[in-house]
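Two complexes, one shared chain (chain A), two partners (chain B, chain C).
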Partner chain A sequence: MSPERRWTVDVLLSSALVQARLMRSPVFVVLGVVQPAAFVLVTILARRSPAVDLSQAGLGAGLLSIWAATVWQSGLILRAETWEGTLGPIVSRPAGLAVVLLGKSIGATVRAAVFIGATVAIVSALLHHPIEVDRPLPLAAALAAVLASATVLGMLLSSLFLVTRAANRIAEALMYPVFILGGLLVPLRLLPHWIRPLADAVSLRWGVDLMRAASSGVAQPGRAWLWLGVTTAVYAVLARVAFRRMLVRARDVGSLELF
Partner chain B sequence: MATLEVQALSRDFRVGSTTLHVLRGVDLSIERGSIVGLLGVNGAGKTTLLKIVSTLLLPTAGTVRVGGFDVVREARAARRLLSVVFGGERGFYGRLSARENATFFAVLSGLTRREAAKRAQESLERMGLADAADRPVETFSRGMKQRLHLAVGLVRRPQLLMLDEPTIGLDPLEAQRLRESIAELRGSDVAVLLTSHYLGDIERLCSRVAILQRGRITYDLPPEQLLARTGAAAEIRLSGTGPAPRQPEGDRFAASDGIRFLGHEAFPDGAASSWTMSFEVKEWSADALRALAASWPAGEITDVRVLPASLEQVFAELAAEEETP
Partner chain C sequence: MSSSDPAGALALAARLSWLEYRAAYPWRIYLISALPRALLQVLFFAYLGYFTGGHTGRTFAFVGASAHVMLIATVIKGPDVLLDERVLGTLYRLRLGVLSVPAVIAVRWWVYAAEAIVDAMAVIVVVGPFVVGLDVVERLLLALPLFGLVALTTSALGLAVAAVSMTQRADVLVTNLANYAALVVCGVVAPLSALGTVGMGIGRAVPLTHGLLAIRAAIDGRPWVGEALLEAAVGAAWAASAVIVLLVQEWRARAFGIGDRI
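For the complex of A and B:
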């Protein structure tokens, strides 16, 4: 590996570790432990309903928490840098903000996924309803793809949230519409016809399809893999454009330390 | 080739419907081994200039090159050569330790993780923070945060080091230690741009002083030449007790004496009356001392103070000029 590449890997790794250490605060414990535990509990308490497939519901609870934690934590990374006053010091260094943001987003994702995954598994086991997975490898592949997509979407939101002071409010307002469009709260077939194309643009919707298929032991639909890839690629392009515009604008108006 | 080359640099800010011309055609260059002080009143544009050079702000017009790299078109290459310390309370992750912060920013500056950890430790030791290295930064005092800024900024030896008010918040010993560290860079391969409101720092450390007035560099001179601008070598203040002496008459000093009477003040209080007199010495000479001795009033002199001309006088004159519409 060339020294330049090795250094880039070091920047990614250091950024990821710093972000994971920053998430040791009680706020992140709520997001990483209390929230998913509550989701699992609610799901399991509904076990008497014949309409509820416990395994699917437990998976949905975990996915809901992971998606929420990943997207919103990644989405608020740049905003948090401005609160700490670290955005300027990062931009003035040769590593570049884009690599640091990617590393930090990966750090936030991995930490959230590990915490939430462990919480869901432990709570489910304690309540004697362990999550059963028929096809663990396809499920793991789908989970990795969903996490990657959530990280990219988080990076896109991070650039967008930086130009508004109402980032937290917007993030909260967007959370449940995205869950609905992702098919996590209401089956997509129950949504009005006119809203379904919107759901197709949410990568989470395809990730949910893939994970449900894997956990039920059926073959994962190729169409879902294709659309998960397409939507994530679109998010990545938009994230790149938004990031560049945000950075040029911030350097132009002199607001790197003032957002 | 100079390490820093600034040519015809302008920067405007729009505030509502008004355009503020903060920098208006700044020219400046700094060679390796030089320490240049940048002086100006608040709002003169010093920090704006530093932000443009450190790639945080885009110029409206003009060019800035660091080590030959344009800070707009070749920002990444320029960033590899520079280090900037803005100081202040923010700029760190408060929940992380000083070591974690220093190591992280060292990696971003171009070091590998292993090198960064080693250099961070050395830099923290140099700034007297080794004992507090593993404490969260949010528990640090203002002075400790300032030292951490410096430790992070100096963790890697850059080609261009920019320090914005580096001694603010430091106790006298820390400030002296920092001055010594900066002074060591004189004649090295590092070019230093320094802003400070402690003009003594500028006077002691800098080989040149650039004055930023109304968005332009109006003087770019060695400190001694700038001091000569005051037209005086020193001011002498005499204090005494007893009745106030008469004011020396205007023709008492010949032009060749190089002495000028500045003023006197009396504090009548019966037997405890006292007074002060001030003289300006344009140039030290035997004639000047003789003329001065001849003008000293009779009675008890309790204090003689010689105040050498300083950058503070120059700065005060400049500030007065800035206030003139």
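For the complex of A and C:
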């Protein structure tokens, strides 16, 4: 490995670690513990008939919370740098903002996943609906792919949130469309037919298909792998375009820390 | 207006609260962010109810979520009325004023109670026809005064949450915890009976629970006054608790000089 590449990896890992350590705030407790626990509890307690299959309620609630953490943690990384006054110095360092943003997005997503996973596993088990894992390796592969997709989404949102004063308000509005269209907790078959094609653009919708298949011991659909890859690639392209535009705009009109 | 005109001072505080709200939540932001969030939140819980309980579960969850959505304004946003004073370092000026802090906070809170009612109305009118049909929508609109009652009682919960958060750096945690706890224990999506004896006992001590029972009774044509009175009593108890906490904090601030220590 060349010194430059090794140095980039060091910056990447350091950024991930710094972000993971920063996530000790009460906001993280809400996203990593309170929210997933509440969704598991509400779903399981609301069941009116034993015929309703809730074996994957924990999995769905966990993915809902991964999305919420992506919006509120990864999505606000660059905005947080602005609040702390550290965005400009990072941009002007040799490593560049992109490596730092990638590292921080990875740190935020992985740490959130660990806490959310532990919370939904414990609460589901306490309510006698433990998360089943019939095929651990495919489940782990699907989880890794979902987290990669969430990381890319976080980078996209982070770049977009930097150019608006209303980032928090927009973050609020972004939560529930994906909760509904992602089919994460409520199956897509319950939605009207005309709205289902929109769900195909949500990468987590394919991720949850893969995780459910692995959890229940059936073969993972190849189509879901394909579309998870395609949607994540599209998010990555959009993130790159948004990130570059944000930097060009900042250099052009000196607006990095302004709106 | 002078210190001898407390009513005028409170009216001014209420008017300034509206201007402050408009600055924090301009119409554009309300229409593209806060309102869609409220509509979609209720739609999501209605679908969750449909998934777990079929048509009955969907109607149950829609009614519950239409009332619970008010907590976004009264429990999550409302506490900023008090907490922003701490963040901006102006709390001591409020405490040195001629009006009591609880009175000033109470009159400034009206915008969040009003937003809660507007959110609930919007949800019922926009989402309701597609989810539960016009018949239930009509009956829910007739029950709007009960939604107004819930806006007041959950404001009391929000004020208590704000008061507890004042001396901590955990307002985001406490406000969201209260919101999610209400979702679980107040019979919003899952009926109270699913919570067991202890859970039901906890739920009945939280604003929203009895109000929601009153709303459900009203739209079913059953007697609802008893539950509405219980909701008012629970709300009054939470408001009294909040006022006591605020007064104790004020006394501690003066006695020990710790007003700005957070």
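By definition in this document, the second predicted complex is superposed on the first by the 246 of 259 C-alpha atoms of A that agree within 3 Å, B and C clash if a C-alpha of one lies under 4 Å from a C-alpha of the other, contacts with A are read in each partner's own complex, and residues count from 1 in each chain.
Just so it is clear, contacts are C-beta pairs under 8 Å (C-beta built on N, C-alpha and C of every residue); 3 or more make two chains touch, one makes a residue touch a chain.
Since we're looking at a predicted model, the values are computed, not measured.
Once the complexes are laid over each other on chain A, chain B and chain C both fit without any clash. By the touch criterion stated above, A:Ser216 is placed in contact with neither chain B nor chain C. Working from the superposition on chain A, the chain A vertex angle toward chain B and chain C, CA centres, sits at 90° in steps of 10. Within the superposed three-chain model, A:Ala173 lies in touch with chain C and out of touch with chain B [touch as defined at top].
Once the two complexes are overlaid on the shared chain, A:Thr8 sits clear of chain B and of chain C alike. In the superposed pair of complexes, A:Arg93 makes contact with chain B only, with no contact to chain C.
Overlay on chain A (Cα): least separation between chain B and chain C is 12 Å.
Within chain A, the residues touching chain B in one complex and chain C in the other are 25. Residues 25, 29, 32-34, 36-37, 40-41, 43-44, 47-54, 56-57, 61, 169-174, 176-177, 180-181, 183-184, 188-191, 194-195 of chain C touch chain A in their complex. Here chain A touches chain C in the complex through residues 25-27, 29-30, 34-35, 37-38, 41-43, 45-49, 52, 54, 166, 169-170, 172-173, 175-177, 179-180, 185-187, 190-191, going by the rule given at the top. On chain B, the positions that touch chain A within their shared complex are 13, 48, 51, 54-58, 76, 79-80, 82, 84, 86, 88-96, 100, 103-105, 107-113, 116, 152.
Chain A meets chain B in the complex at residues 6-7, 10-11, 13-15, 18, 21-22, 24-25, 84-86, 88-96, 100, 248, 251-254, 256-257.
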